[in-house]
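What follows is a set of structures to go through.
You will see two complexes here that share chain A, one where it goes with chain B and one where it goes with chain C.
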Partner chain A sequence: MNDTGTHSLIRPALAPRAVAHTVSPGLWVLAWRRLRRDRLAMVSLAIVLAFIAMMILSGLGLIARDWTREVGVNYAPPTFVGPDATEAAPAPAATAPGPAAAAPPPVTGDWEAEVVDPIGDVIAELRGAPKPDSGNTATPPAAAAAPGQDDTGFVDPLADVMREIEAARRGAKSPPPPPGGTGAAAVDPLADVMRDIEAERGAAAAEHGSTRRATLPFGADKWGRDVIAKTIKGSETSIFVGIAAAFVATLIGTVLGAFAGYYGRWVDDALNWFYSIFSSIPYLLLILAVAAVLQHKGTMTIVLILGLTGWTGVFRLIRAEYLKHKGREYVQAADAIGASNARRMYRHIFPNVSHVVLVQLSILVVAFIKSEVILSFLGFGVPVDVVSWGSMLNEAQNELLLGKWWQLVAAGVSMALLVTAFSLFTDALRDALDPKLRGSEGS
Partner chain B sequence: MWAYVVRRLWQMIPTLLGVVLLVFVLFNLFGGDPAYVLAGKISNPEQIDNIRRQLGVDQPYWVQLGIFLKQIVTADFGASWSTNEPVSHILATRLGPSLTLLVPLLIIETLVAVGLALAVAYVRGSLTDRAVMVVCTVGLSISILVYIIVFQYVFAYKLGWFPVQGWGDSFWTNLVRYASLPILIGLVVSIAPNLRLFRTFVLDEINQDYVRTARAKGVSENRIMWVHVLRNASIPIITHVMAALPGLLIGAFLLERFFSIPGIGREVILAVERSDFPVIKALTVYVAVATMVVNLLADLMYKAVDPRVQLE
Partner chain C sequence: MAHDLPERDLAAAAAASDPLVQVRHLGVGFRLDRDTVFEAVKDVSFDIPRNATVALVGESGSGKSVTSLAILGLLPPENARIDPRSEIVYAGRDLTRLPRKALAQLRGADISMIFQEPMTSLNPVFTVGFQIEEVLKLHRDMTGRAARKRAIEVLAEVGIPEPERRIDYFPSQMSGGQQQRVMIAMAIACEPKLLIADEPTTALDVTIQKQILDLIAALQKKHAMSVLFITHDLAVVGEIADHVIVMRNGEIREAGSAAAVFGAPRDAYTRALLQCRPSLDCRPERLPVIDDFLGREGPASVDIPERARGVAPDDAIVLSVRNLSKSFHSRQGLFGRREFQAVRNVSFDLRRGKTLGLVGESGSGKTTVGMTLMRLHEATSGQALFDGHDILALSPKAFLPYKRRIQIVFQNPYASLNPRFIVGQILTEPMDIHGIGASAQERADMAFELLAKVGLPEASFYKYPHEFSGGQRQRIAIARCLTLKPDILICDESVSALDVSVQAQVLNLLQDLQAEFDLSYIFISHDLAVVKYIADEVMVMSEGEIVEIASSDEIYRAPREAYTQRLLASIPRGWQATRRTKPAPDE
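Moving on, here comes the complex of A and B:
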C-alpha cells in the first residue's frame, strides 16, 4: 500500500529480509507526516471528520431522528434572543416593550402584517394543508408555483409577493413621519390588521396545545421544528450527496482516464471525443438539462446527476498521468514479467497516480456540496420531504422577509464552516502529497 | 494561421455531432413521452395521439434525429411547449438582458481582480497578503445563495438603495437601475476566486530573471508591475477570462432568477421547471457551439499576446 510499484516488484527478489526494514517510508507515510505538522490542516481535518461523524450518526437515526416534530411555536426565536414580543403579547407589537432584538421595528411590523397572507397562501397551497403532518406532498415548490402563475414567461413565482412587499414598504415610507422615528403614527393604519393576525396566531397556538415551547436553542422554522435538528438532518443530506457524487464522478473519470491514457490510439480518440462533448456544454446547463429529463426526484437521482456530469476534470488529469507513466521503466518491467494490461493499469500504475485521484476527490466533494445546495434551492434537487441546506435556504429566503433570520444563519454558517474546512484540508493534502506544487493554487 | 483556423473548425464537427447526439439521447430517449407532459391532467388518448403526431414523436428514432438536425441547421426549433413562443424568438430576446448584466460584470471583475492581484502579490508574504487570502478563502465558502439573499434583503429591501427586482425596456435604465445590485453581488462572489488565481499567476512571474534585470537597469516599480509582469501574467489570465465567456450566454442563473431579470439563465430554469424541452435543447446545442468558437478565439488570442506560442 505504501510502496511505489517499483518497490513491490523488486523487493522480494533482490532485497534480503534484513534490508527490508530500512526501506524508506512510502509516499503516504511521508505525506501523513507532512500533514501532521500542518496545524491548520489538522484543525480542518477535525472539523471535516466531526461533520462526517454527525452525518453518520444522523443517518443511523441516533441524533436528530424526530426533526419533523413540531416542538416549538411557529417561528420560535432562539433562546438567546428571548421569546418573540409579538408572540408573547397579544397587544399591538409596535408598542410592546421587550428585548431590543426581539421587538421588530415599526416598519417591520407594518409590512409583516401585509405580507404574512400572500406567502402563507402560497405555502399553504404547496403543502396542501396549513397544518403539516409530514412534508410528503409530491410537488416541488418551484415547479408547482411556476406554471400556475405565469404563462407569458416573465413573472417570477415570487414576483407577486415581492411586489406586495414593495408596495407595503413604500406605503409605510411615504407618510411624513420617517420609519425609524415615532412608530405609533406610522403603524396606525395597519394596526387593526396586525391585531387580527396576532389573535389568529394566538388561537392557532392554543389549538396546538401548550406543550410547544416559546423559544428553542436556535429557534424554530415556520412549523415550529427545531432548527438545530433540521440543520443536522440537512447536513446529512448535503454531505452525503457531496461525498457519494464525488465517488461516482471520480470512479468514472479514473476508469475512463486510465483507459484513454494507457491504451492510447483509437481508445484515446474515442474517449477524448466523449470528453469534448461533455466539456463543451457549460456545467450548470448540463446539470439542469439532465435534471429536466430525470423527473424522478430522490437523493440518489441528484447523486447520479452530479456524478454523471462532473467527471471531466478527473478524466483529463488521470489520462495525462497514465500517458506519463505508461512508458516508465517499472511498467516495462511489469510487462517483462508478464503482467496483464489490467494488472499493469491497476496494480502498478494506479498506486502511483492515486494521490492525484485523492486530491481530485476532495476537490469534487466541495464542488458537489455547493452544486447540491443550488439545485435543491431551485427545487431540482432533493424531494420536498428531505431537508438539505439548499431547501433550508429556500425557506429562509421567505423567512428573512419576516425578520426570522435563524434558519438562514444556521444553514449558511454550517455550510460555510464545512466548505472552509474542507477546502483548507484539500489544499494541505495537495501540498503534502505533492510538495513540488506547494504555493501554486491553480485549480 | 488560416489553415489552423480551418482545421480547428473542421475538428469541431465531430464534437458538435456528439453534443447533438447526447442531447437527443437525453431528451428523446430518456425524457419520457412529451405528449403526457403537454396534455397535462386531461389525458385523453386521442388528444395524446394528436400531440404525438404533431411533435413527430410517433416516428422512428432515426427520423426524429433527422428532424432535430434539420431544426439545428435551420435554427427553427418550433415553439415552446408551455408558452407557444417561437424558441428562436425566446433566445433572441433573452440574450440582451443577460449580456447587460454580465458584460459589465465580467469587465469590472477582471479589472478589479487583476489590480488587486498585482497589489497583493507585490506585498507577498506580508500580513496584508495573508489577511486578504484568509478573507478570500472564507468568502469563497459562503454559498452564493446566502450572498444574494442577504444583499437583496439588506440593500434593496431594508435600505431601499436599489429596486428589489424588475427590468425595464431602456438599456440605460436597466444597466443603472436594475442591474447594479446584481452586478455588485456578482463582483463580491467572483472577486475572491479570481483574486486567488490571478495572484498565483503574478507570483509565478514576479520572481523571474527579467524582473531582476528590469530592476537592475532602473525601471520604476510601477512600470515593472504594470508592464513587464502584467504582460507575462496576462496569458493565463486571458485563458481564465476566455473560459468564463461561454458563461455569459448562460447568464448568471441565480442572479437572474432572484432579480427577475428576463435573461437566458432564468429562461433555462423556467424551462426545466416546465419540462419545456425545445427551449433546453436549443440552448444546449447553441451554447456548446459558442463554447467551441470561443475556445478557438482564445487560442488565437494567445498568439496575439505571446508571439512565442505556436499554433499547431
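Moving on, here comes the complex of A and C:
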C-alpha cells in the first residue's frame, strides 16, 4: 500500500507502449498556459520574481552586504536632486582629503551648516569663536589660529584662559611650538589625552573624507547609509517575513482545516472552538501576547507571530472545501475501493483543493508583508539592528519634517510595487486555477 | 388527457399560415478562447405555430437549450455571438435586434420560461406568493390585493391544493412537484403567448412527471398559447407534442408533425433515437446504438434475438439481505433529535449472474440500500450474508477483503472520478490498495486490458477524466470496479444521467460483462423501462419498504400492488402508445 506517485505509476507502463502516448496536461500545466496568456499576470510575475531574486541575493550576501557603511554625508540627497543648496558649501570640504590640506575657510556666520561632530561645536563655543564653516571637524584649530579672532577677547572674561588653552593646543598640534606658548603647554595636564583624541579623530575624519559623498544615487539616511542598499536589505527582511509567515499560517490552517472538515463531529467541534477563541481576541493584542511569550525580538519571532495568528482564514476556507469534497462521489468511490482515511484526505481530496491553498498562500504573503511593515512601523517588529520597510518608514516619518523624503519614497514605492504586483498576480492565478471557468466539471 | 387528432391537424393547418414565432438562420457561437469559437447552433430555421406544442428534441450538446435561450435573449452577452443573418421574428419584431430593455418587457409577459430544476429556480427566501406577485407587478402593474388575488387564481389553476394557504409558503415547504407547479404558475400568470419549457420534468419522479405533462397540455389548450417543449426524451414528446424538431450537434436533423416524425421517421438519427431506448414491449439481446443507424442506409435489422430474463429457483444465492434497516438522525431544536427511517426491514436475495432491479421514486430508500451494503453508510440493524459472513457486522478491517468483492458505479460520471488523477491512476489505485498484481507494471498492464474491455483506446490511460464524454467516463468508472474482480456490482442510477444513445451502449457493456464475469448486479434506477430491460428480478420500494418483488416479466405484465400499478401507468409510452391506447373516434 505504498503511495506511488504519478510518475512511478506511469513510467513502467510507458516502457512497452511508449509509441505515441503522452500524458495529458494536468491542472497545473493548463493553469500555467492560461496564466501565460495573461500579459498583466506575466508582468506582475516578473516583478515578483525580481523581488524574490533580490531577496535571495541579499540573503546570500551577494548584494547590499555592507548596507551599514556610512558612505555618504548625513542625509545626502539623491544624485538626480543634486547636493542640497544649504549643504553646497561643505561639499568641497568633504571631498577634499585630510584636515591638513584644508585651507582655513572664510569665517562666516553660517550656522545652518551642519557639523558632524558635536564636540566640535562645544569646542568652538568654548573658544567663543563663531562656528567654523566646515563639514570636517578636524579644522577648528586652523580657524582659531586666525589672528583677527582675538579682538573679540576684550569682552570675554575668560579670554585669557582661552588663549592659554588654545595656545597649549596649538602647541600640542604642531610640533614646533610658537614662541610664548611653551609655558602654557607645559602646564596643561590633559595635553597628552587631548593629543590622542585628536589623532584618533583625525584618522577617522581622513577615512570618512575619502569615501563620504555629498550625493548618493537615491540619497542617504540620517547616518549617511545608502538608501538603495538599505531598501534592498529592508526588502529582504520584509519579503522573507511575508513568505515564511504565509507558509507557516497556510500549513497550520490547511492541516487543521483538513482535519476539521474531513472528520467532522468532535474533531470539527474542538478545532472550531479553538478557532473561535483565536479569532475573538483582537489581532494586535494577540501579537503582543505572542511576542511577550516568545521573549525574544528577531525576524523569526515576527514570522512566528504572524504565522500563529494568521492561520484562521485559511482554516475556515480549507475546512469548508473539505466538507464539500468529503461528500463528493469521487471520494465515496475511493471509499468503495477501500482507500484509507489518510489516502482519501491527502491523495484524493488535497489535489482538488490545492489550488485554493495556493491562492490563499499568495493572498497571505501580501497581507503579511503589510502586517510586518505595520508592526515594524509601530515598533513591535524587527529589532533595531535589522532594517525592514516598516522600520524605514518609521525613521522616515521624522525625516519627512526635515524635508528628507527619499527614504520614505524608496521604502514606500518598493513596497507598493511588490504588493500591487503580487496582488495582481494572485488574481490572475485564481482566474487561471478556478475550476468553474473550465466548464468540463463542477456541475 | 386526450389530444384529439383532428384538433391537432386543424391547429397545424391554422398555424402554418401565420406562425407565432419564426426562427430563420439562427446561428449561435460561443467564444471559448481568444481565437476558438464553438458553434453551438448552426443555421437553424423553424416556426412555432400559434396554439400548438412544438418539441425540440436532442441529446446533450445538440443546441436545443441554446436555441430557446436565444429566443428569450438570455444568452450570456460576454461570450455568445449571434450570427448576423439570424432572425427571430415575433409579432413583427426581430428579437435578435431588439434592445435589452424591450426584450425584458417581453420576457415574463409575452414569452415565459420554465426551467429544469424547480428547487434552484425559485428564490428560497421569498414566499411563493411574493414571487408570483412580483411578476404581476412588473408586467401587469398589479399591486396589493389584485395581485394576490390573481396569484391565488393561478395557483389554483396549476392544481395546488388550498392555494389561499399555500400562497404564503416558502418553496422549501413544498415538494418538488409542487415547486414545479409554482414555476408554471409564475410562467402563466401574465398569460404569455409562448411558454418555453426546458426539460421541465427531467428532475421529477415518473408519477409527478405524468401530472406535470398533463398540466402543461391542459394549460396550453385552455389559454390557446404555444409551448416550446425542450427535452431529450422522445417518449415524453410523444405524449405532448404537435410538432417535433430533432436536433443534433447544432443542426436540425428532422422536423415535422409528430405523426410524421414518430410514424415514419425519415432521418437515420431520429430512427436511432427511437430505437435506442429500451421499450417495455421487447428485450433485444443487444440494444441498437446510433452507429448502427448512421453507418448504413435503411432500418437496422429488426431480428435481434430477444434475451430471456428471470431467475430460476436453483440459481446460487450470492448475497442474502435480511431485515435491513437504516435510520438517519437529524438535530432538531437545541436538544431534540429527529429520526428518519430511510430503509425499513428490507430482505432480499441476490442470485449469481443475475440482476436485481431496484425501483422507486425519490425518497424510497433505494439508494440507501446500496450505500448500506457498501458500508458507505452503517446499517442500523439487519444482516447481509455474503460468503457465509454477515458483512454488516464485520469490523472495518475485516470488511476490507469483502469490500473488494462488492463494488459500486455511481450516478454522475462527472463527479465520481477524481479530476486530478489520470485514468491510469484511477484504474491502478484500487489494485494498489488491495495488493492485486505484483508490480506497478503488472497493474498497468491489467489497466490496459480493462480499458480495451470497456471499449476505450489505450491512450485513455494517460488522459484526465475531463477529456472524456459522460458515457466514456461511466465506462472508466465501470473499469475501476472491475479492477477488483468483484462478485457484485451495485449500479446506482448508473445510466440515468446519460443520453439515450450512450445509455444503450453502457447497458450493452454491462450485459456483456455480466455474461463474461458472471457478475451479479443490483441495478438501482427510477427509470422503469431500463430496469425492465436489464433486470431478472425487480424489487419495488416505497418509503423505505419493499412493495413488491417479482421477476421482471411478471411485474410488468401483472403488477399485484396498487403502487406498482400506478408507477407503471405513469411511464410515458410515446406516440405510438398514445395512438394505441386512445384511438381517435373518427380516424
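The rule we apply is simple: the second predicted complex is superposed on the first by the 279 of 443 C-alpha atoms of A that agree within 3 Å, B and C clash if a C-alpha of one lies under 4 Å from a C-alpha of the other, contacts with A are read in each partner's own complex, and residues count from 1 in each chain.
Note that in this section a residue touches a chain if its C-beta (ideal position, glycine included) is under 8 Å from a C-beta of that chain, and two chains touch if they have at least 3 such contacts.
Values in this document were obtained by computation on a predicted structure and should not be read as measured data.
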item: More chain A residues in contact [chain B versus chain C]; value: B
item: First, second, both or neither for A:M300, with chain B first and chain C second; value: neither
item: Contacts of A:I277 with chain B and chain C, given as first, second, both or neither; value: first
item: Partner chain in contact with A:A291 - chain B first, chain C second, else both or neither; value: first
item: First, second, both or neither for A:A416, with chain B first and chain C second; value: first
item: Touched partner set for A:L40, first chain B, second chain C, both or neither; value: neither
item: Partner chain(s) touched by A:A342 [first = chain B, second = chain C, both, neither]; value: neither
item: Partner chain in contact with A:I374 - chain B first, chain C second, else both or neither; value: first
item: Which superposed partner A:L27 touches (first chain B, second chain C, both, neither); value: second
item: Overlap of the chain B and chain C footprints on chain A, listed as residue numbers; value: 440-441, 443
item: Chain A to chain B touching residues, read off their complex; value: 142-143, 146-147, 151-156, 159, 162, 165-166, 169, 173, 273-274, 276-278, 280-282, 284-286, 288-295, 370, 373-374, 377-380, 389-390, 393, 396-397, 400-401, 408, 412, 415-417, 419-420, 423-424, 439-443
item: Residues on chain B engaged by chain A in the complex (per definition of touch); value: 14-15, 18-19, 21-23, 26-27, 30-32, 80, 82-83, 85, 90, 137-138, 140-146, 149-150, 153, 157, 160, 164-165, 196-197, 199-200, 203-204, 236, 246-247, 249-250, 253-254, 257, 260, 262, 266-275, 277, 280, 283-284, 287-288, 291-292
item: Residues of chain A that touch chain C when the two form their complex; value: 1-2, 4, 6, 8-10, 12-13, 15, 17, 20-24, 26-27, 37, 328-330, 332-340, 343, 347-348, 351-352, 435, 438, 440-441, 443
item: Interface residues, chain C side, partner chain A - complex; value: 34, 374, 376, 400, 403-404, 407-408, 410-412, 414-422, 424-425, 428-430, 432-435, 439-441, 444-445, 447-448, 458-459, 461-467, 477, 480, 484
